[in-house]
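A, B and C are the chain letters, set down in written order, and residue numbers restart from 1 in every chain.
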Amino acid sequence: MAALTTVRLTTPPVSWVVRPRLLAVSVALCCAGFLLFCLGMTVGDYPLSLGQVLAALVSEGSYYDQVVVYDWRMPRALVGLLVGIAFGMAGALFQTITRNPLASPDVIGISAGATTAVVAGIVLGFGAGIGTQTLGLAGGVGAALTIYLLAWRRGTTGYRIVLVGVGVAWMCTSATGYLLARAKLHEAQAVVGWMVGNLNDATWGRVVPLLVSMAVLVPIAVVLGGWLRTLSLGDDVAVGLGTPVQQARLVLLLSGVGLVAFGTAAAGPVAFVALSAPQIAKRLAGWPVPPLVTSGFAGAVIVLGGDLVARSILPGTQLPVGVVTGALGAPFLLWLLTRANRAGSGG
Amino acid sequence: MRGTRVRLLAVSLAVLLVLCVLSLAIGTRFVPPNDVLPALFGHGAGDIEALIWGVRLPRTLLALLVGAALGLAGAVMQALTRNPLGDPGLLGISAGAAFGIVVAVAALGVTSLYGYLGAAFVGAAIASAVVYVLGSAGRGGATPVKLALAGVAITALLTSLTSGLTLVYPEALNRYRFWAAGSLAGQDSGVVVRALPFLLVGIVLALAMAGALNSLSLGDDVAVALGRRVRLVRVQGVVAITLLTGVAVAVVGPIVFLGLVVPHVARAVTGPDQRWLMPFAMVLAPVLLLAADIVGRVIARPGETEVGIVVAFVGAPFFIALVRRRRLAEL
Amino acid sequence: MTGLRADGLRLAYDDRVVVPDLSLTVPEGRISVIVGANACGKSTLLRALARLLTPKAGSVHLDGRSIHGMPTRDVARRLGILPQAPVAPEGLTVIDLVTRGRSPHQSWWRQWSSADETAVTGALRATGLTDLADRPVDELSGGQRQRAWIAMAVAQETPVLLLDEPTTFLDLAHQIDVLDLVVDLNRHQGRTVVMVLHDLNQACRYADHVIAMKAGRIVTHGTPADVVTPDLVSEVFDVTCQIATDPVSGTPLVIPTSRHHVHNGQESPVRTDA
């Protein structure tokens, strides 16, 4: 019989299963994420070495280095890290709940809702008073609520959520297109810059709300993520195994929506992260469904790596990170796809 | 059932005909429907004749062609990928067309209308070819999920590159954003003539594979058992989708939503038989597109609202209502 | 008050009423088999007993409490259900699937107790899947896949087990295996089993209690020997038959007559109502 590597204590009665490959992939991605987090802070008008950054992080090194690291560069790196984790985990939640690898927040309308709200704010001119962050948040949550309510008919099904989400996404995308075609050219450029996802304007003021929301949402998602194990077997089996399917789906979707909305508010809908990170994590870890925490780490690696590349290929220009995450994540996902010896996957 | 279908098809065609007349009549300058037919056959007043022949007729024909193409392409796409989210944009066609336009403007300095259209079509064709090749690499060939994921990945890649280019070249952004809103306006009869051969080939290819798609819907193994050459069917499907969607998207912008919604509606009416579903999709899609175009001309007078936006705002609620009302067949 | 009981159930999908008014007490510690023609509501009844379907009227009681009022996890520790044709995510291994049957007994900090391990090992052994534990479910044959799902339900270790056509997709040998396994679970572990079965002879052989349904109503119920008669088969399945004695198990053996096979002098009526 296949032995599971387990950790088990008798007092207190605690036990866990250890999955070696999953654990190894998670640790590797986590380390890679931290390395990129630090590397990102070496880049800028005042170049630092990796050693200087690390020293400053533990409050050593020169005063000036510490100012550069903490006041100038850390917000950007932190937003990248947090947004990556948020998008990766949210993508894993959506894809598992709906049992459809295409059902990332980009596809089912949440990012599109946030985008429309922000674009409307910029183009119609009421954005200045409210702020991009609040608009993005309101748009994302509003779209998600609309989708859930419209998909509710004596309970929801993952399938109905996806289809309704696609409808809502299209309405939002065309509204965005309409606004964009009527905007002045410089407004349109500002909008496009935000729409692909952008870490250029990260400040501590953006980090704090994101950090606080994630401190609440990530533990909820991780603790309740156990339900994903049964939800991925289909509604009937999940009920049979004692999962409160409707409540579980609602809470998990809500935490996913929260992660996407706060992430989008902070950095824009960084292209492709929520879709690719779970698929990449799943294939690296050889896991049948996207592993939640590992997907988060994968997301962080993609965003931070993307930002590093975005600033290195065209020094001087502030290329938005979303341009690179799409351009980098896509080939990698394709490579994993073609390498996989089994045909595709529905997880 | 058969009688009902024939009757429904006849009703849809009648609605389409009425919409065509309305489309010729309504615009910044209203032509009474009584004057439309004489003008069409060369017995009308000179200015009305010029208006109808020069502007409204090409526009109406374009809507018919583009609508039929998108509806048909959507039906093929959903059957091929067995995914209810399978819209023709999934093969990377819209993103390819967008990228083609942006590259043409930014790098090649293209300024002519036909230049844009050509670039968009070439971009769309290359993108879908790449998606197909990547989606069929590895063991197992082009399975639905692999095709869909490859399409999404290429779309993401091209969208990123398009955004990057538009940020650096404002002129490209300018052209791109007007295309992206999706409009039937401003096209002349030359466009119709140039688009027609591609679309006809695509339509024939698509209709010819209805039986094969019926078999394929039972799964690859059953399709092989029924004597279908699955790989050939897939290639044929991709070629048909590329021709139909590539041309449509190049001309009117990314209104692929039509290709997603209409097959679902058609399926709700006819059931899953492709031999009925396809003709229905070909009629219903132009109905929706023409209706949206007419509405767009009316609501924002004296200007007009792009048809892509109206399609989304008419089609999406309809689609959502449909999703709510009945259990759409999981493909 | 223990056991599973249904009172005045009215079951419907949207507006289509499948079961108008049905009451039933499942005999405890026995194997009950629901039989009936296609679309007679037997799977619907099973889904209602398992709380997968909320009745329009009436109630299902498990151990004296309304099943819809209980926390679903509590129900899952007492009642297991294997729906028809479940689908596993691609790449999920057999042991992962069977392990998920333990989830009503697990918590976040106790994900793999020794009781879990015993249950999963036992379920794998009982279904003969020990050697296939690391294989992905989607790469198994139809019969192996079905056994993997049954193993999941077995590992759940519930006193009551509901199975919706557990022998579909199985060859004859595996059908016998699975049904013998069900008997083992019943005899040795005292589990109450309710199954939907297609094959009337298998129902006769394996059931302690047969529940015959037609058009959403229970026509009759009782031990196979008492219940299964030519009249009942004719009423429920619209088939004329003779009843012999199963030479192996001594239970009734239903032998349908056929228009083309007329033997020992008895003329079969030609069906004209088809």
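Note that a residue touches a chain if its C-beta (ideal position, glycine included) is under 8 Å from a C-beta of that chain, and two chains touch if they have at least 3 such contacts.
Values in this document were obtained by computation on a predicted structure and should not be read as measured data.
In terms of Cα centroid distance from the overall Cα mean, chain A ranks first. Taking each chain's centre as the mean of its C-alpha atoms, the one that lies farthest from the centre of chain A is C. Ranked by the number of C-beta pairs in contact, the top chain pair here is A-B.
Computed centre separation for the pair chain A/chain C is 43 angstrom, with centres defined by C-alpha atoms. Between chain A and chain B, the centres computed from C-alpha atoms are 32 Å apart.
Centroids built from CA atoms put chain C at 49 Å from chain B. Those residues of chain C in touch with two or more other chains do not exist in this structure. Among all residues of chain A, those that touch two or more other chains are 342, 344-346.
Per the touch definition, chain A reaches chain B in the complex via residues 100-102, 107, 150-151, 153, 159-160, 162-164, 166-168, 170-171, 173-175, 177-178, 180-181, 183, 185, 188-189, 192-193, 195-196, 271-272, 275-276, 279, 317, 319-320, 322-327, 329-331, 333-334, 337-346.
If you check the complex, the residues on chain C that touch chain A are 47, 50-52, 71-77, 80-83, 86-93, 95-97, 99-101, 103-104, 106, 108-114, 116-117, 121, 124, 130, 133-134, 136, 152-153, 156. Residues 83-85, 134-135, 137-141, 143-146, 148-150, 152-154, 156-157, 159-161, 163-164, 166-168, 170, 173-174, 177-178, 180-182, 257, 260, 305-306, 308-309, 311-313, 315-317, 319-320, 323-324, 328, 330 of chain B are the ones touching chain A in the complex. For chain A in complex with chain C, the residues that touch the partner chain are 1-2, 4, 6, 8, 12-17, 99, 223, 226, 229-230, 232-234, 236-237, 239-244, 286-289, 342, 344-347.
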